[in-house]
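In the part that follows, the structures are each spelled out as structure tokens.
Each of the next two complexes has subunit A plus one more chain, namely subunit B in the first and subunit C in the second.
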Partner chain A sequence: MLQSRAIAFAFVAPALLFLAAILGWPLVQAVLLSLQDVRVIGSPGAFVGLSNYERVLGAPAFWRAVGLSAVWVLANAVLQTALALAAALVLNEKFPGVRIARTWIIITWIVPTVVVVVIWRWLFSTSGGMINPLLLQAGLIERPVGFFATPWTAMATLVFINSWRWFPFIALMVLAGLTRVPEELYEAARIDGANAWERFKSITWPLLAPTLSVLAVIGTLLSFNVFDIIWLLTAGGPAGGSRTLPVLIYETAFKGYRLSEAAAISVIATVLLMAFAILATRTLEKGEER
Partner chain B sequence: MSRGLGWNVVLAACLLFFAALIGLPFWWVLTGSIKIPQEIIARMPTMIPHSFTLQHYQKLFSASDYPVYLINSLIVATASTVLTLLLALPAAYAFFRLRFPGRAIAYRTILLAYAFPSIVVLIPLFGLFAKVGLVDRLPALILVNTAFALPFAIWMLRSFLAGIPKEIEEAAVMDGAPTLTLLRHIMIPLIAPGIASVGIYAFITAWTEYVFASVLILSDAKRTLPVGFSGIIGQYQIDWGLLLAGASVAIIPVVTLFAFVGRGFVSGLTEGAVK
Partner chain C sequence: MQSWLRDSDPGIRISDNVIGVPTGKREPTMRTLLKAALAGATLMTPASAALAQDKVELTLWHMEQPPHRVQRVQEVIDAFNAANPDIVVKQEPQNWGEVYAKAPAAIAAGQGPDLLFAIPDFTPILKDIGALNSVEDFVKELDAKHDFVDSAVEAYSYDGGVWAVPLYNMAMNLWYRKSVFQEAGIEVPETWEEWKAAAEALSKDGVYGIGLPANKQLYTDQTVYSFMVNGGATEIYNEDGSLRFDNPETVASYRFYADMHKMSPADSTSWTWGEAEACFSSRSCAMVLQFTVIATYDTQAEGDAADLGVAAIPHAEGQEGHNTISYANAVMILAKDEAKREAAEKFISFLLEPENYGRFLNMEPGLFMPVTADGAKAESFWSDPMVQKYKSQIETVIQNAANGRLFGFTSGRTFPSIAAISAQNIIAETLQNMVVNGQSAEEAVAAGQARMEEVSKQ
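Take a look at the complex of A and B:
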């Protein structure tokens, strides 16, 4: 028994120590840093208590970033989950090439983000991009649109691009949930004369709803952290219209040279995210008990 | 299972929509990379290229450091994959089978690490790496990417282990096999598809990582593909041909890898998720 316990520790310790060193210890350092007045990496700082937090919480730029992050996360969760659900329902059917489709749908997720950025920056651009001519031809717009030119179109375009990258990944998770719905249920409903919509409403949806809510939570956590797509496409602009919390943290630290203030924002962001994660898990678990 | 005609039409329409949504952007990029510059920025874009040139690829490989970025990325991604598996396999097995104090708490903490905002550790990690002389060196990125892939890797491998019939493991224990032998000769071969899936996950995580690679690496010769490539975006007066060629080349390694093990990866991902 004692020996097996030693083996268990020997197995777990490397991974745990590794995570503690690369993620845990820096997290502690971030908290310490947020209580000092360090401006550039490597320079010494004095202890200033909670004054960084006071300054951050009193800054309109911070609250704007919180609001934009909330919009970003919510819009992505809705769009991603909707696209993922539709795609999963299609992939759950039988048609020629379904196995290939199930594998290759995820291609948007396996290519580097910077490639995603180049693809869409080009397609949305006004010189040679495909989107504007397509919309013009369809009569939806009268003149070419600068998608990254105004805050709201930029935000909407970024949400679309990020959801495009992530929805296939989530669709495969939804598909995993769908394949667990017993075929007999559908057969029985069909014999009772239920049409496709009724079958979806009374069988698929109730059985799938728990999976979808879990995925919405995971999707929220993942999209909160998205930095590279926003940074490379709009750098938080125009006029700060896409400056979400990760962008604000990066700017404060590496453009504004206020390292400690950036650390304070990141600590607040972590607390907000963890609070959301715990609250969401609790709500989901309660929902399951009912 | 039979479908009505109406349902078939809806299905076909949805299929077409998703095929276009995912396939068309890639088609346009790949074909765009072999068009001459005038055709790329033409007012009316062409679906099928009217011209053919390899000039963008030539420029990519001769006038930019792209090949260096490519090699750096391959080194970082491969090493991260190996390190992730070496750390995740024993840990996943311990969390799955062995009993030890603090097991539940440790497992939950690891899952929590998957959710927390990575940008928080960016600044302190730079300071930490500066102290041990790892800034501007590829091992720094290998360590970081491994840390990012590890929580999900442990979680996924654990659910694969849970899929092994208990009798097989019990028979081996009965025969008196030591834990390490059991893991090496029985469990690992049985979850080979799971290991492949986790390996791909780790590879892709490292292959696509941008933020840490942009801060922890300072010299141009050590940049990874995402960072080096994003530098090319700004460096030239938007040369779309060059960018499209660069994008196409960046797609090739992961797509090649995926062509061999993609199906296993996807089923691994979904099977791991439902347990």
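Take a look at the complex of A and C:
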């Protein structure tokens, strides 16, 4: 037993060493940096202990960013799950062209972020965009709407664009889960007279729940770290209304020239994410045991 | 048959065909090929090293990324390299979004460039980490020869030195269509009252009277400061380095900007330069403040040079003369090695020679303006077809640029905190507090000063 464990460890050791090198070492460096007062990359810094952490934890901007990150993660999780589930249920049906649809649905995920940003920025533009004229013609609005003009509309628009980009990927994962649901269960339910909603509630949802739970954990971690779409579309604005933690870290490091303070925020964010991941994993494990 | 092929050479014959049957030809084996490559490399290394020792290599980082600009810079570099066989200049284009972080990191790693383009607030960062030596004597020498625009040198002159060599200027202007003004019976506005009346008159039929940004971004810093310098709020520092941002002139400038912004598209809170140009090109905005719109107007709009109007930015009632924000872009010499510094000076001298300077500036016709007196008259500048087509507009831009100022670089003394104030776009943030958060001009400017003081202390 002991020998087989040693062999197993020997096999995974190279991968562990590799991970330690590319993840562990930068993390250690980030922690060390957060204990100094380095302002610009390459400049020297003195040891200042935990003062960066004190400053960060006492700053309203940090807590606002934490709150916005929570809103961002939650809103993305809800919207992406709803869209992905709907798309997966449709793609799980048999209809002409379903194979093509299953392949092409991931196109939004393949398109480079910068292209996504350019497309949506143009579509939502008040001068020359397409969405405002459509809404005007439909009589839904009286004057062009600035989708990025206020903090809440900007956040909502960003969530929509990010979800549009990511939901097909999740949809495919959900679809993989759906294909594992035995068809006989649906047949038995139909024979018992269950309607579509009852079949979904009693068969699909319970059997899909483990897949969705895992996706929720992964999706939360991925959503939390999204920086590119937010930065390119709003740069955290307007008036800080979309300044999530990754945006705050970038701003602090490269616009505020407070590299060590940014490192402190990064370390706190890492701790938050790790705590979430551990908690979520344990909850999932308990669920499986039950 | 080459003599180094021997029958005894073992190994797989690379000329054996796919089914493993020898082709019958005597071909070099893998081992002999490797031997030859090794021998060649052994011979080549000293030769190439000797060649490199003869030449001084310079690496230039600039942030003019569009391919046509990179190509034009390469043409100028090629001409220099051909005229100076002992020097090899190579360019490595960067972008403004990254270079503030990348350059200090590269310098710290010993991988920095020898020459690096700059705007004024970039130099204090590199100066503070000891990457710069004063180029005062070199700038004096060039000034005697070419006569720099004073404000261009002023922006890089502080703390007892000159930290970069001015290369070109960019100044904000008011762009409009003459035919649109004529149809509305509007004269080119001179004062803020006239300007507001014009914007109100032009705001009709889905057209925005003026396109002004309110993003927390550099473009908004630039447009807001263009209002401030025309409202008597040029200085944001007192002589002693304390901040004087919160004053009645600044408040009035912000109040007027916010009033004018009501006639801009709703999404201008996320605008950068491109959106403003697009708004003007598509005729959705009747007026915009921009360094130039010539390229987009010529390629994406009607391109009628006779109809494109450009004017100085109107000033507040009671103020005299028109001012604007101007960015004197420059080049810093980062090389420490004496031979490299000499070569770098030679390259910069070459760029500023009138016969080369125009070609360099016209990497983007109508955007980059000369900062030397002889450059402003250079045949190489004015002979460009686009410059010829929009000659009157470019003359106006050059004229406006003469009254250019830049926040934090106006008093002959530069305080290090301007780098953080500029990088964090606090001027633009102050406007957002009015436009987005609904603060009054007094509240927003007071909060702006507090933020400036906060970042100055950090």
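We take it that the second predicted complex is superposed on the first by the 268 of 290 C-alpha atoms of A that agree within 3 Å, B and C clash if a C-alpha of one lies under 4 Å from a C-alpha of the other, contacts with A are read in each partner's own complex, and residues count from 1 in each chain.
By our rule, a residue touches a chain if its C-beta (ideal position, glycine included) is under 8 Å from a C-beta of that chain, and two chains touch if they have at least 3 such contacts.
On a predicted model such as this, the values are computed, not experimentally measured, just so you know.
Undergrad: Should A:V12 be classified as contacting the first partner (subunit B), the second (subunit C), both, or neither?
TA: first
Undergrad: Looking at the overlay, does A:F124 come into contact with subunit B only (first), subunit C only (second), both, or neither?
TA: After superposition on chain A, A:F124 lies in contact with subunit C alone.
Undergrad: Applying the document's definition of touching, compare subunit B and subunit C: which contacts more of subunit A?
TA: Of subunit B and subunit C, the partner in contact with more residues of subunit A is B.
Undergrad: Could you tell me if A:A253 is touching subunit B, subunit C, both of them or neither one (first, second, both, neither)?
TA: In the superposed model, A:A253 contacts both subunit B and subunit C.
Undergrad: Mind working out whether A:T108 is in touch with subunit B, subunit C, both or neither, as first, second, both or neither?
TA: It touches subunit B, and subunit C stays clear.
Undergrad: Given the touch rule stated above, what does A:S43 touch, subunit B (first), subunit C (second), both, or neither?
TA: second
Undergrad: After lining up the shared chain so the two structures overlap, which partner does A:A149 touch, if you call subunit B first and subunit C second: first, second, both or neither?
TA: second
Undergrad: Both subunit B and subunit C contact which residues of subunit A?
TA: 41-42, 127-128, 253-254
Undergrad: In the complex of these two chains, what residues of subunit A are touching subunit B?
TA: Checking each residue of subunit A against subunit B gives 4-5, 7-12, 14-16, 18-19, 22-23, 25-27, 29-30, 33, 41-42, 86-87, 89-90, 93-95, 99, 101-115, 117-120, 122-123, 127-130, 133, 164, 168, 172-173, 175-177, 179-180, 183, 186, 196, 221, 224-225, 227-228, 231-232, 245-246, 249-250, 253-254, 259, 262-263, 266-267, 269-270, 273-274, 277.
Undergrad: Mind pulling up the subunit A residues that touch subunit C in the complex?
TA: Contact set of subunit A toward subunit C: 40-43, 121, 124-128, 143-151, 154, 233-239, 241, 251, 253-258.
Undergrad: What part of subunit B is in contact with subunit A in the complex they form?
TA: 1, 3-4, 7, 11, 14-15, 18-19, 21-22, 24-26, 28-29, 32, 40-45, 86-88, 90-91, 93-95, 98-100, 103, 106, 110, 112-128, 130, 143-144, 146-147, 150-151, 154, 179, 204, 207-208, 210-211, 215, 225-227, 229-230, 233, 240, 243-244, 246-247, 250-251, 254-255, 258, 262-263, 265-266, 269-271, 273-274
Undergrad: Where on subunit C does subunit A make contact in their complex?
TA: Residues in contact with subunit A: 100-101, 104-105, 107-109, 125, 128-129, 208, 211, 214-217, 265-270, 275, 278-279, 282, 284-285, 419-420, 423-425, 429, 432-433, 435-437, 455, 458.
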